[in-house]
Structures are given as structure tokens and as C-alpha cells.
Amino acid sequence: QDQTRIALVVKSLGNGFFDAAAKGAEEAAAELGDVELIYTGPTAATAEAQIEVVNSLIAQQVDAIAISANDPDALVPALQRAMERGIKVISWDSGVAPEGRQLHLNPSDVNLIGETIIKLAADYLPEGGDVAILSAASTATNQNAWIEAAKAVIPEKFPNINLVATVYGDDDSVKSTEEARGLIAAYPDLKAIIAPTTVGVVAAAQVVTDQNLIGQINVTGLALPSEFKQFIDNGASQAVALWNPIDLGYSAVFLAKALVDGEEAAPGATFSIGKVGEVTLDDTNSAAMAAPFQFDASNIEEFSKIY
Amino acid sequence: MTRLFRNREIWLALAIIAVIVLVTWRFSRFSQPSNLLTILNDTSILMMLALGQMVVILTRSIDLSMASNLALTGMIVAMVNAAFPMIPIPFLIAGCIIVGGALGAFNGILVWKLDIPPIVVTLGTLTIFRGLVFVISGGAWVNAAQMSPDFIQLQRGSLIGLPILTWFAIVVAALFFVLMTRTPMGRSFYAIGVNPTASVYTGINVGRTKFLAFVISGAVSGLCGYLWISRYVIASVEVASGYELTIIAACVIGGVSIAGGIGTVAGALLGALFLGVVNNALPVIGVSPFWQMAISGAAILIAVVLNARGETRKGRIILKKAEVAA
Amino acid sequence: MTDTTSTVRRLPDRLDNPFRSALLSWESLLVLVAIGIFVANSIASPYFLNAWSLSDMTFNFTEKALIALAMALVIITGEIDLSVASIIALASTLMGLVLNAFGAPTPVLVLVGILTGLACGAFNGFLVTVLKLPSIVVTIGTMSLFRGIAFIILGDQSFGGYPRDFAWFGQGYVFWVISFELVLFLVAAVIFYVLLHRTNFGRRVFAIGNNATAAQFSGVRVDRIKFVLFCLTGLMSGIAAVLLTARLGSTRPSIAQGFELDVITMVVLGGVSILGGAGSIIGVVLAALIIGLVTFGLGLLNVPGIVMSIFTGTLLIVVIALPILWRMWKEKRA
Amino acid sequence: MTDPILTLSGISKSFPGVRALNDVSLELYAGEVTALIGENGAGKSTLVKTMTGIYQPDDGEILVRGQAISLPTAISASQAGITAIHQETVLFDELSVAENIYLGHAPRTRFGLIDWKTMRREAQLTLDSMAAGIDAAMPLKELGIAKKHLVAVARALSVDAQVVIMDEPTAALSQKEIEELYVLVDLLKQDGKAILFISHKFDEIYRIADRYTVFRDGEMVGKGFIKDTPQNEIVKLMVGRSVDQIFPARKASIGETVLEVSGLSHPTEFEDVSFSVRKGEILGFYGLVGAGRSEVMQAVFGMTKPSGGAMVLEGKTIAPLSPADAVEAGIVYVPEERGKQGVITGEPIFKNVSLPSLGKTSRSGFLLMAEEFRLARTYTERLDLRASSLSQNVSTLSGGNQQKVVIAKWLATLPRVIILDEPTKGIDIGSKAAVHEFMGELVAQGLSVIMVSSELPEVLGMSDRIVVMREGLVVDILDNENLQPETLVRLAAGIAAEQAA
């Protein structure tokens, strides 16, 4: 067949972040010309559901799979089978263990993200204080990596920040809301909630707004500007950060296409990712796309129109 | 007095108070009125859903589709609000009740006219309704930014010191109380649960009564669809996914017999409140979130064992001696 | 009976023609449905008719179908087990635990998985038969409890690093495209068929489902049989846990979330009466196949899983409703 | 001669496979009791249900005072002035007595809500007028079975009706309550109500009925005035042949003791129950309904757990923990509630019969259907079971034939002791004689039979010895020789004790 069929598999459909990524992927497909994009994923963010999706992609003999995984290990056997059948496999956003993919595209550098999320809170806490993390699923690879990195950076760079708890909202708005309430109830001196997930950050900001704690508790983390604008506006949050998911989807398609076209994924290799620039693989065949971008009152209006 | 203590609602209320006292003992802030009111508010939606489910369970049926109904109605109302923000909220609420009721009526018709077991019907509509959420929304979420301020703020307002959401629960509970104790329809739910064949002899149309029970549970789900979406300000496919079991758990803890015919409004409310208090207490006393699930599972089992103890039918007693002792 | 000896009437074994009733049975309806979907799939997707595709398809349902075999028996007795998916989670977690803590070899892992399932099933069975609690409530409770324990053990961690020979249970092929999972399922299906339809045990299972009180008055050890069935469901869940863990190569506490409803859908679609007393293993096997065909076929068209669930939900209701509508229509005409 | 209040004519009703009623007619007259008589399955209850809006007749018309009416629901029947005490209990355990009486026609307040106060008051009035001694506010589940039946009667009387139907109202009542019911029927008669009375007991039919109508196999085969018709004529109409009401002579030779029960106790139901039964003996258990006889039998059968006592079967101490243990030991029990405890409705005859004997009809746990059919045929044919085939569903059999299936099931296990709990309750006269005949055969074969019965003639006619129970205690054990019925009644009702005191 003449068209290159690339499947963009996301953690779950309907998530604004991934919809934005899909938009970028479409752009890339249009730019490359001979690419047919299949945008798919489960509705509930589970590994089993993703495996079924991968199985059907294998049966359809697509040329490449670019996946943001719900579990780094559970998908390995299925993806290995895909590779055995000649399908190119890359992971992006949330990675798969190295043996289950040919390369991984990090949205940004793990350590950089870890530092950024703490810095977002610390910047508005000159005298320091208690902060807590509201994460996504306890199994989410990328969130866990960022939290590890954040914990590592606290003692030396932010000694007066006291991380009191890490809780998990499973990227479910209800669970996230409950966990945020729990944090506020359990830690009366809490000064900031850091939610490195677009679902959790909205839930936490809504709770802070509902409980009239604006000004006392600052919500921060990783947020989609379009979903989060109102909370910057009402002061529940001072600033959040995120990379550009459109660029992420765009880059993933470029990388997948490059592999299909015969480029080798090996440590040190450099790939062009169209208008975004280029990336270089490290010794685990991972690459980082760009530094996270910070949104605050000064620029949220503008970006909320884009994604 | 002994009769009072045979009453399972009393025991449940005592259990709830015990949990509150225990937690307060370590964290005095827990029993502050404001926190207790917050818990009540947090539990309001579950209370209403439990009441709807109770009516269905009383008739020896079960409605597994309530959470999906809630998600579907919620998505519809969110999309309508996003598209036509000028429609007044009371109209939207009425619309939710009608849509939810219609979805419930679909379950009810299958149970009534085709005589398919309710668990099968609602197992099917559980997946169908949720699938429809995806179909109508195309998988996209409706988020806070797209909803009108009124839509979000209505339930957050307060009236005589209580949030509007709590008032919704209070009004719904009062309506259910009148329905279940003072109307022929309410009594017929009990009757067909206790003895369906005998109900026919008293002129009750068993199928139609079940149908009505499903319409009621559907209407409640619909109402809660709006309340849920405006509370958590996000409408997505996964809204309240798996919540049907929590609703049933609340009923069971509240002493609603899964075999039908037994259950009270107070019981269902307390059952929901019990889950609300426990869920609220865990993070406060610093129990790792990973313990939460196991603890609520154990709570359900303990409640069921205790309820069953109370329910061991003290059939009739023949021996005079034993009668005196009892 | 003084004068009856002369007028003893001979009772025939049966009046209806067994061949004719087999033709009109639920199973034949399911066979038609299955063939219909198979043909539709072949037309809709060029990738469907391919040995490897069909083999991959079986992975989508074999673990659930294994549990459905045992669940069918539980439902025939009028009980239900909603905790099966949580049993998988707990069994998988404990397998991971013994692997990571003691480096246990594959046979020990398999044993731990199976024994955990059995123990969980026995716990359910105890609550249902000894404490006389309704099974639907008990298993809603243990559903949270079992998975909750997995969460306590694992927290945000995962267990991985399962040995290669262990992975074979979930990924290995016995012959060409015939996977170990499929073979195991077929063998189990035959065993369950014999157990339910050809043994005294099965006959008693049906009797309990039809009228547990009368069965007990007839000397059937109702509680013992129910207890065994809950253990059996636990056991099958344990086996499914071994397969699923081996297939995924890792354990998270959220493993197998939502399986219970899929399993019950298979059982009900297979013609097992949710009210107890009726059902067949052949029906359950066909229903598993139908659900596999539907989901895989729609997957090939990249239909999202949630939309597939509309199809399975509708299929469930329509397949149950059709015979009823048919009967009503016939009655109206008569 | 007045015109009838209610006239049924040309009524037909079919169920899938059964023609329950075929062109039957019936007239009910004000101030008179009409007895409806027929064998089990003759269609009596079906007719009642068509008259009360529960079933719709396929054909025919119902006239009230000459006006043709249709009764689409149970409520329309009570509005038309027809009320009934149904054969099945129309009662709700979890509801209060008052609500049981008024469910479906409860008094309302101005706002259309149920008026609990009025309801309770009216219910209490009705109950008191019957001298029932029941508190209307009580939950029904706390009443004994006989009192429950009185509630059912009160329910029927709470409707202001011209036609009162009673479908076997005395089946679950003891002698004292039966007498009170007769008084009630007389009062209704004086009020000018038309009463339809269904019963299998001829003594009571002759006592209270004015007219009779006889059904056989869904057809009306005769009617007339009771006082002009001798009993054997009605019986002949009913069964199509003449039947002796003579109990078979007991000719079995009584041997050594087979089962010895001593000091059997239960925390709430019975205490210190001791008796023994010998080979070839029929041991009768007499008592008022609710005396605890069934509970004792179920304890012997391993169904309920006794709190104390011992049982010795043929020299071996046994302690059955479940019916399965009892069956293995050789004790079997034909329960009182046939539909709930006796037959497995929904399964065919042969599966019902073979269920306790599966061990014998199978090879190493695997079913052998041919063996099952053989076993089932042997025993059902011995009992002259009326069925179309062994694969017929037992739920489609009449009550008497269901009872035969239960007995066949137990005979196939070759028991030592067979306990029959109310073996002829609700069974028509023809089948009754067959059951009695058969009990005679059982003892002749060397079995021991324990027969629980509330019917005096049956107890006196069949038993070798009689155990009388009252309120969970054994009052006396009597040899059945020249026993006066009065003795038994006095013992069972505790009158003797009072006189002595």
C-alpha cells in the first residue's frame, strides 16, 4: 500500500490534552502527505483496554504505533508482538519500558519538569511552607518520574518547602476532588497543592474556589490553558505550566514516520521533527521535546484560545 | 425501648456517631459543625441516588444503570448548557429529570412488557447509556470554561446556612418519605417486594409498579446528573463510572434487603451517610489512600453481617417459656 | 390401589422430539448470531480472515470466559459472584509479592495464584453459606476488600520481572497459532460441560437453582455445593490471574478492572437464567465467542471500546428479548 | 324463589396445555351458602380467580343482579361487590396487620394520602367483630399461621361486598377457629350476602352449605340443594365413581422399636419431646395447627438443629446435621408445604424422583439417564401417578399428583422411617383414599410411618398410637383403641388440663 498508516494510541479518549495532541498529529500527517493517521485509545485509562486496541492494530497491520501508555510494563508483551510483526513502535508522553518500544519521546526533560512543578509553588511561597501533591493514577509512569525528580530537588534547591503528602486522583475528576478535600482537611497549614496532571489540577482549583480558600492555598501544576484559564483569573492559581501537546502529537508522528522510512533508533541518533526542530536520543533511546512553558495571568488569555 | 434498639436505623446512626467520635478524638476539627455540614453536602448526591435505588430494590429488582444514566443525562445537560447558556437552570433541571425518567422508563418497559429480569436489562443499559455518552459527545469533555456561571454556581449558593445542594437532598428525601409511607404507590412498592403473587390479588399491577420504580430511579439519576456535573464541573464519558455499586452498597448498609420488601427512607439516607463519613474520615486520620478501598469493603461486609443478625427472623415462638424470655 | 394393578398406565419417558427441541434451542440461536457476526466481520474488514488475527482475537476473551464457565454454575444456583475481577487483582499481587520477595520459581508462582483464588472463593463461600448472607451483597463487599488489599500491598508500585517460562502461560503457543490460553479454555469448557450436564453434581446444581428449599428437603447438601461453587469460581479467577499476569508481564492493583460485568454478560448472553435453574455450558462458550467476535471486529474498524459496549449491551438485551417477542407474537396469532 | 345475585354462564378458561374451565355456570343467591365441590384440579380456584378479576375468562359472561359486567382488575371486582378469601394467602409479612387488611383500598385523607389512623381504627373494628384477638398495629410476621388466616378473612370482610367467596378457608385453621368461622358465615348469611364456599371436607359442607355445585375436570356436572342430596351421591358426581370413605384395616404386624427419640429440645419451638416408633407401625401426631409438630419432624429430619436430645435408629445413635444425613440413615420426610418444600417445580418428574437417589442411578458420579427413568417409572406407576410423560414438568401437575411425586421420590430411597406431614392436606377425597391405602401398604412392607395430621378422622382412622402435642410439648401418647375424638381434642386444646386445675 502507498500510504503509511500510523496509529496514535492515547491513554484515554476525550481527554483535552490528547485531543490537542491528535490535532498536532493530524497536522503532521497533512504536512508529510502520504500518512494516514489512526487516532484511537480506550475510554477508561487501563492497560488491558489499551492492549485490546494494540491487538486490533496489529491485526490491521498498521506501519507504526505511537503510544502514550497507561502502564510501562503491561503493554510490553503486546508491543513486542507488534514489533515482531514488523510494526514500528514508539512511545510518547507516558513511556513504555525500553524493550517494548524503539524510542520514547518525553514531552520534556523529567528532571526539568520535577523542578518546575516545585518551583511553581515555591515562587509564590517566599517563607516556605507545607505543600502536597495530587497526582494522577498511582501507576502513571510519567507522573511518578516527575514526582521522584521533584522530591530529589527539594532538599538542595527549596529547603523551606515541606512536601507533606502525595495522593492519587486517578485522573478521575471525582476522585481528584475527594482527594483534594481530604488534603485540605488533613493539613490545615497547607499552602499549595501541586497537581502534575490536567485533570487533578482543575479539580483541586475547583475545591479551593468552592471552599473560599483563594489566597490561602495556591493550586499549581500542569494544566491545559483552555481548561484552566478561569482559575488563573479568579486567583485560585498563580501560575501553571505545560508543554505544547499539539507539538507533542506532531513530533510523535514525525518520529514514527522516520522509523517507517528506515531510520535507525539508536543512542545518539538525531531525528528531525519538522517545525518543532530536532531531538537526539539518549542511551535509553529517549528524547526530550522541549522545556515546559509557564502560564500566568499575563499570557493565559492568549494560549487558552490555542489549546 | 427494646423495640427501639431492634431498629436497625438506630444502630446505623450510632455507628456513624461512633466513627465521628473516634475520629474527633484524634482530630478535633473533624466534628466541627462546618466540617460535618461539608460531609453532609458531599454525601447529598449519594443519598438521593440511594433513595432511587431503594425503590427499585424494594420491588425485588435492581438498577445497575443509574450511574450510566447519570453520566448520560449529565453530558446532555452540559452540552445543552454549553451550546445555549441562556436557558434558565430550572428548565435544565426539569429537562434532566425528564430525560433521566425516560431512560428509566426504557428499563422499566423491558422489565414490564417483556418480563426480562431487571439485572439483565440494566446490565445492558449500563453499557448502552455510557456508550451513548461517548457517541453524543464524540468523546470530548465539557469543562468548566464551557459551562455558564449559573450552571456551576446554583448548587453552591446557600439558603439558611445550608448549601443548595444539601437542600436538594432534603427536599428529595422529604418527597420520598411521603411517597413511601403515605401513598398507595409507595406502599405497592413494598407489597410487590414482600409478596408479588399476593399483590396481584390486591389489585396491584406488578409489572406496572416495577416500571414506575424504574422511572423514579431514572428521574433521580437524571437530577443527580445535573448536580454531579455542576459539582465536579466536568462532563466526560467516565463520569461516575462504577458508582452503581457504591449506590447499592449504601442501600445495603442502610438495611434495604436485596430480596425486596424491606427498607426505609431513613435507612437508605443513613447508609449513604455512613459511606460519606467513612470516606471523609480516612484522609483526615491520615490513613494512606491505598487503605481506603479495603476499609470500605470491610465496612460493607460488617454492616451486612450486623444487619443480617438483626434480621434473623424471630419467627413465631411456640414455647411459653421462650416467649417470656424474649 | 386395590383395583389399580389392572389399570396401571405406562408413562412414556418423554413426549417431545429431542431433535426438534434442540433445533429450537437457545444454543442454535447463538450459533446463528455467531455465524452472522463472523460473516459481517469478514466483509467489513480485509484483515479479519487471517489465522493470526483470529488467534489474537481469542486473547480478548479467554481469561474472562474461563471465569464465565464457573460463574455460570454459580448463577444457575441462583447466586452471583461480583468479586472475580478483584480476586484476579489480589492473586496477581500475591504472585508478584512472592516473586519479588523470595524469587519464587514459576511453579510456585502458579500455585500461589491458584491458591489465592481458591482462598478468596472460599471466603465468599463462607460468608454466603455459613453466615447466610446474600451473595450479591457479600461479593460487592469482597470486591472492594480483595482489590483493596492489593492496593495496600502494592500502593503506587508495580511488580514486574516475571520469568520467561512464566510468561509462556499468557503468551505462549501450543501449536502454530493455537495459544496455550485457548487450549486451556477449551479443555476447561469440556470439563465444565461434563460436570454440569453429565454428573450428579450438575443435576443437584440445577435442582438448587430451581428451588433451593425443596432441594435441601430432598437431601441435597445445598450449602456444601454452593460453597464448592464459590471456591470453583475463585479457582478459575486464580487461573485467570495467572494467565493475565503472564500476558501483561506485570501487576498493578488496578489489573482486570471491570471484568466482572463482562463475565456476567457472557454468562447471561449464553442463556443462563439469572434467576437460577437453567443454562448450558455450550451457550456460555458461544456467548464468549460472540463477544470476542463483536469486540474484535469493531476493533478492526477502530471503533472505540465504549461504542463497542453499546453493541454488546444491545446484543444482550436483543438476544434475550427476541425469543420473548417471538413467543408473544405467536400467542397473539393463536 | 329469588333471583341469583351473581350468575356465571358459559365460562371457559384455558392455560397452555390445560382446559381449566369449559362452559361452566354458577349461581349465587343472597343469604345462602353455595358449596363448590370438586377434585383437585377441577377448576374451582380458577373460577374464583375469574370472578375476582385476576384471570380473564376466554369466554362466557358474569352477571351481577342481571347486569353483565367485566372485571379487568382485582379492584374492579371489589367495586362490583365481590370479595374473596383466596386459597393462596394474600398476605404481606413485612407489613402491619391493618395494612394487610386495607392494602389496595386504604382510606385516604383530603390530600389523597393514606390515612393511617382511620385505617388502623377500622381494621381493629373488623378484627374485634370477628373476636380475632389481634392487634391491628402489629407486624403480620409476628402472628402464627392460624391468626394470619384470620387476617385474610378480615381482609375479605373489609370490602363492602354482596358476594363473599371462600376458597378452602378452613384448611389452615384449627378446630376452635373453624368454629368461629362458621359463626361468621352465619352472620354473613343473615346480612343477606351470597357466599361461595369451597372445601374438600364434607362434614363442614353439610354443616353450613345450602346449595352445592359440583365440578369435574373443568365442567359443571351437577347442582342442587344440600339437604336433598346424600353425601355419596355428591362424591359420585365428583369422581365419576363411588369411593369408600372407610380407612383401610391395619393388618401389619408391629415389630420392635425402630426409632427412639428422647428429650429432643429446641430453644423456642419445642422441649423434651420423646417418642418411639416401631416396625410396621403408624404413629400419629395430633395437635392444633401451630403446636410445633412440623418443627419436631424437621429436627428429626436434620433440617433444624435441636438444642438437646438424642435419637437412636435401629440401635445406632444418630445426629443428622442435614436432611442428607437423615436420608442416608433411612429417615425421610414428606413436607407439609408441597410447592415450596416438596417438589422442585420447573424440573420434570423423573428428575424430582431421582434427586435423592442419584447415587444409585449413576456410575461413579456420572448420570445414567436410562436408570433414572427406570427408577422414576417403577415408583410413580406404583402410586398410579397421572401424567402424560415422565418428562412432564411437575409444576403442571395437580396438587395430589405432586404429592405422589414426593412420596415416590422417598420410596425410591428405600427408607426405614417415613414421616408424612399433613399428607392429605388439600387433597380431594379420591386421592385421599389412595394415600391412606398406600400408607397401609408401607407399614405392611415393614416401614415405620409417622403421620402428622390435624384431621381427627384421619388420625383416628390410621394411627396405631397417637402423640398429642400442645404448645411445643408432648401432652400424651395414647394407644388408639376405643379412643374418643373428644379426648384428643381436649388434650390438644388444653381443656382437660384446665378442668383438672
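All chains are identified by letter, namely A, B, C and D, in their written order; residue positions are counted from 1 within each chain.
Simple rule for what comes next: a residue touches a chain if its C-beta (ideal position, glycine included) is under 8 Å from a C-beta of that chain, and two chains touch if they have at least 3 such contacts.
From a predicted model like this one, the values you see are computed outputs, not experimental measurements.
**Student:** Give me the fewest steps it takes to get from chain A to chain D if each step has to go to a chain it touches.
**Tutor:** The distance in steps between these two chains is 2.
**Student:** Compare the CA centroid of chain D with every other chain's and tell me the farthest one.
**Tutor:** A
**Student:** Given the two chain pairs C-D and B-D, which is bridged by the higher number of C-beta pairs in contact?
**Tutor:** C-D
**Student:** Roughly how far is chain B from chain D, going centre to centre by Cα mean, in whole Å?
**Tutor:** The mean C-alpha positions of chain B and chain D differ by 43 Å.
**Student:** Could you tell me the distance, in whole angstrom, between the mean C-alpha positions of chain B and chain C?
**Tutor:** A distance of 30 Å separates the two centres.
**Student:** From the C-alpha centre of chain A to that of chain B, how far is it in Å?
**Tutor:** 36
**Student:** Could you pull out the residues of chain A that touch at least 2 other chains?
**Tutor:** Touching at least two other chains: 13, 43-44, 138, 168.
**Student:** Of all residues in chain B, which are in touch with two or more distinct other chains?
**Tutor:** Residues 134, 139, 237, 290.
**Student:** State which pairs of chains touch, listing all of them.
**Tutor:** A-B, A-C, B-C, B-D, C-D
**Student:** Applying the document's contact rule, which stretches of chain D touch chain C when the two form their complex?
**Tutor:** 303, 322-324, 326-328, 333, 335, 340-347, 349-352, 355-356, 358-359, 362, 365-367, 373, 377, 380-381, 383-392, 409, 413, 434, 437-438, 441
**Student:** Touching residues of chain B toward chain D in the complex: what are they?
**Tutor:** Listed in rising order, the residues are 178, 181-184, 187, 190-191, 193-195, 197-198, 200-205, 261-262, 313, 315-323, 326.
**Student:** Give the list of chain B residues in touch with chain A in this complex.
**Tutor:** 29-30, 35, 38, 42, 134, 137, 139-141, 143-145, 156, 232-234, 236-241, 279-280, 282-284, 286, 289-290
**Student:** Which residues, counting only chain B, touch chain C once they are in their complex?
**Tutor:** Answer in residue numbers: 62, 110, 114-117, 119-121, 123-128, 130-135, 139, 237, 242, 245, 248-249, 252, 258-259, 288, 290-298, 300-301, 304-305, 308.
**Student:** If you look only at chain D, which of its residues touch chain B in the complex?
**Tutor:** 52-54, 73-75, 78, 86, 88-95, 99, 103-106, 112-114, 116, 141-144, 266-271, 290-292, 295, 471-473
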